[in-house]
Amino acid sequence: MLTKLSIDITQAEDVIAAATRRATEMGVPQNIAIVDDAGHLVAFRRMDGAKFFSIDIAITKAFAAAGARKATKDIGPATQPGAPAFGAQALLNGRFTTLPGGIPLVVNGAVIGAVGVSSGSVGEDQTVAEAAADYFLQTYAH
Amino acid sequence: MLTKLSIDITQAEDVIAAATRRATEMGVPQNIAIVDDAGHLVAFRRMDGAKFFSIDIAITKAFAAAGARKATKDIGPATQPGAPAFGAQALLNGRFTTLPGGIPLVVNGAVIGAVGVSSGSVGEDQTVAEAAADYFLQTYAH
Amino acid sequence: MLTKLSIDITQAEDVIAAATRRATEMGVPQNIAIVDDAGHLVAFRRMDGAKFFSIDIAITKAFAAAGARKATKDIGPATQPGAPAFGAQALLNGRFTTLPGGIPLVVNGAVIGAVGVSSGSVGEDQTVAEAAADYFLQTYAH
Amino acid sequence: MLTKLSIDITQAEDVIAAATRRATEMGVPQNIAIVDDAGHLVAFRRMDGAKFFSIDIAITKAFAAAGARKATKDIGPATQPGAPAFGAQALLNGRFTTLPGGIPLVVNGAVIGAVGVSSGSVGEDQTVAEAAADYFLQTYAH
């Protein structure tokens, strides 16, 4: 039998709050999603003014980060033309995303969930996702 | 130009909190989704222990209630065998749901969003959705 | 080689105008779609206030009426429990609809397109679709 | 509560007429779609002779322009090989398009809808979309 660790709703909303604080400082409203260790949605917040277009993208970034067990931006290089995973974005009905803004949440080496952020530029999304992941690390993973 | 009213994130999370209180009283963890007037997700909470199977169902119930401008349970009768809308559940790639648990949030006759609840029995889901809609009505729509 | 007759854009928008007049008389804003003989969209109008939920349903009704070469409401009986086409609504990724409100547009026995109407009750949708089809018959098919 | 502005049907068909005039001058029949601020279809015209293949592409271009709040052609560069959003076209079940021909319609900084044009070359599509957006700007946004 396996025992799995997974993010709970209190932690998830706490991480969303941390992401929101960073997005507010930046003046960029964001869609923020948290998925669990199985890639399933736990919590979601669309800050007022965030793009409807990016709702599913935020969720997809979190899904891909939890699933690949790495930041979505770090999946990207292997999918470039000439690289072995070229074209991988077409997998999983488009849920294999390499857009920056998805980061796994890790405790003792185990991915217990992930955060996905989308509505700004990819750089802004990544910055907010990093703030969320850093908060998680400091609060729940030491 | 049209002017539309839509639920904001503060209201959405406030309604989710009301739904959570009712679900907690009942001892049934729930997935709770809020969509805006256009059917787009605004906020989502999966209470610890709620079924992953019901995540998308909760979101779909909210979508259908906002879209049909009526409680999902009230769409159902017209889709029964012999009734004119029989088979309508196959529409919209399965987003035309008549499962109880989706209720529009209305201000002065305008649907500004909807709540969807799923993880318990359909009766439990409906009870929690009603608690959420009642809370919204008393808090924001008078 | 086959020669096909198909509705043109002038006729399509003329039929939409007729449907709009009827819907306006009834006080029920509607989504109104016209497809051609091949089931492809030619023209679409969402009257202000019509449900976003019913956009694709209107298009689907027109598609099904053109495809089945009969009014969608007349496809329904054969799909009832116990009837031979039971469950047919699941075909074609949900585009096999039997909801009232789709009617073929016919010239000399040939289906050259269809109208689909959705946003009101199924009775209201059917009434507007009939007004559209009647207008077409009187204007273009004698 | 949020207040949103959205294009109405009169404006939408007016913009389609402007696009049609430009397409007619160019001798290239087009599919022309208008979506609202939430990405939902408001009006659509397929000029006689426009490709059936491009119906959904026109609608998708409008959806993406409204959603991303920028012209679809301006989303493209970040998705090129080596750029951070490479592969983004696989997102949203293919509704994340970067094909030129989609432009948001903006009033006082708010995206109230978008136009999408498809059936010609991408250059022709873009030219017609620009004519539509320019018309909107001069007529409704000053």
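Think of it as A, B, C and D in the order they're written, each chain with its own count starting at 1.
As a convention for this text, contacts are C-beta pairs under 8 Å (C-beta built on N, C-alpha and C of every residue); 3 or more make two chains touch, one makes a residue touch a chain.
Owing to the predicted nature of the structure, the values given are computational and were not obtained by experimental measurement.
J.: Identify the chains in contact with chain C as well as chain D, in label order.
T.: B
J.: Could you tell me the distance, in whole angstrom, between the mean C-alpha positions of chain B and chain D?
T.: Here chain B and chain D have centroids separated by 31 Å.
J.: Mind checking the centre-to-centre distance between chain A and chain B? Centres are C-alpha means, answer in whole Å.
T.: Distance between chain centres, rounded to whole Å: 26 Å.
J.: Just curious, how far off is chain C from chain B if you go by their C-alpha centres, in Å?
T.: 29
J.: Could you put a whole-Å number on the gap between the CA centroids of chain A and chain C?
T.: Going by mean C-alpha positions, chain A sits 43 Å from chain C.
J.: Using the touch definition from the top, which residues of chain B touch two or more other chains?
T.: Residues 2, 8, 38-40 of chain B touch two or more partner chains.
J.: Give every touching pair of chains, nothing left out.
T.: Final set of chain pairs in contact is A-B, A-D, B-C, B-D, C-D.
J.: Flag every residue of chain B that touches chain C in the complex, lowest number first.
T.: Per the touch definition, chain B meets chain C at residues 2, 38-39, 64, 66-69, 78, 81-82, 84-94, 96.
J.: Show which residues of chain D lie in contact with chain C when the two form their complex.
T.: Checking each residue of chain D against chain C gives 8-9, 13, 38, 40-48, 52, 55.
J.: Write out the stretch or stretches of chain C touching chain B in their complex.
T.: Spelled out, the residues of chain C in touch with chain B are 48, 51-54, 56-57, 60, 73, 76, 79-81, 88-90, 93-94, 96-100, 122-123.
J.: Under the touch definition given earlier, write down the residues of chain D that touch chain B in their complex.
T.: Contacts found on chain D: 1-8, 11, 36-40, 107, 112, 140.
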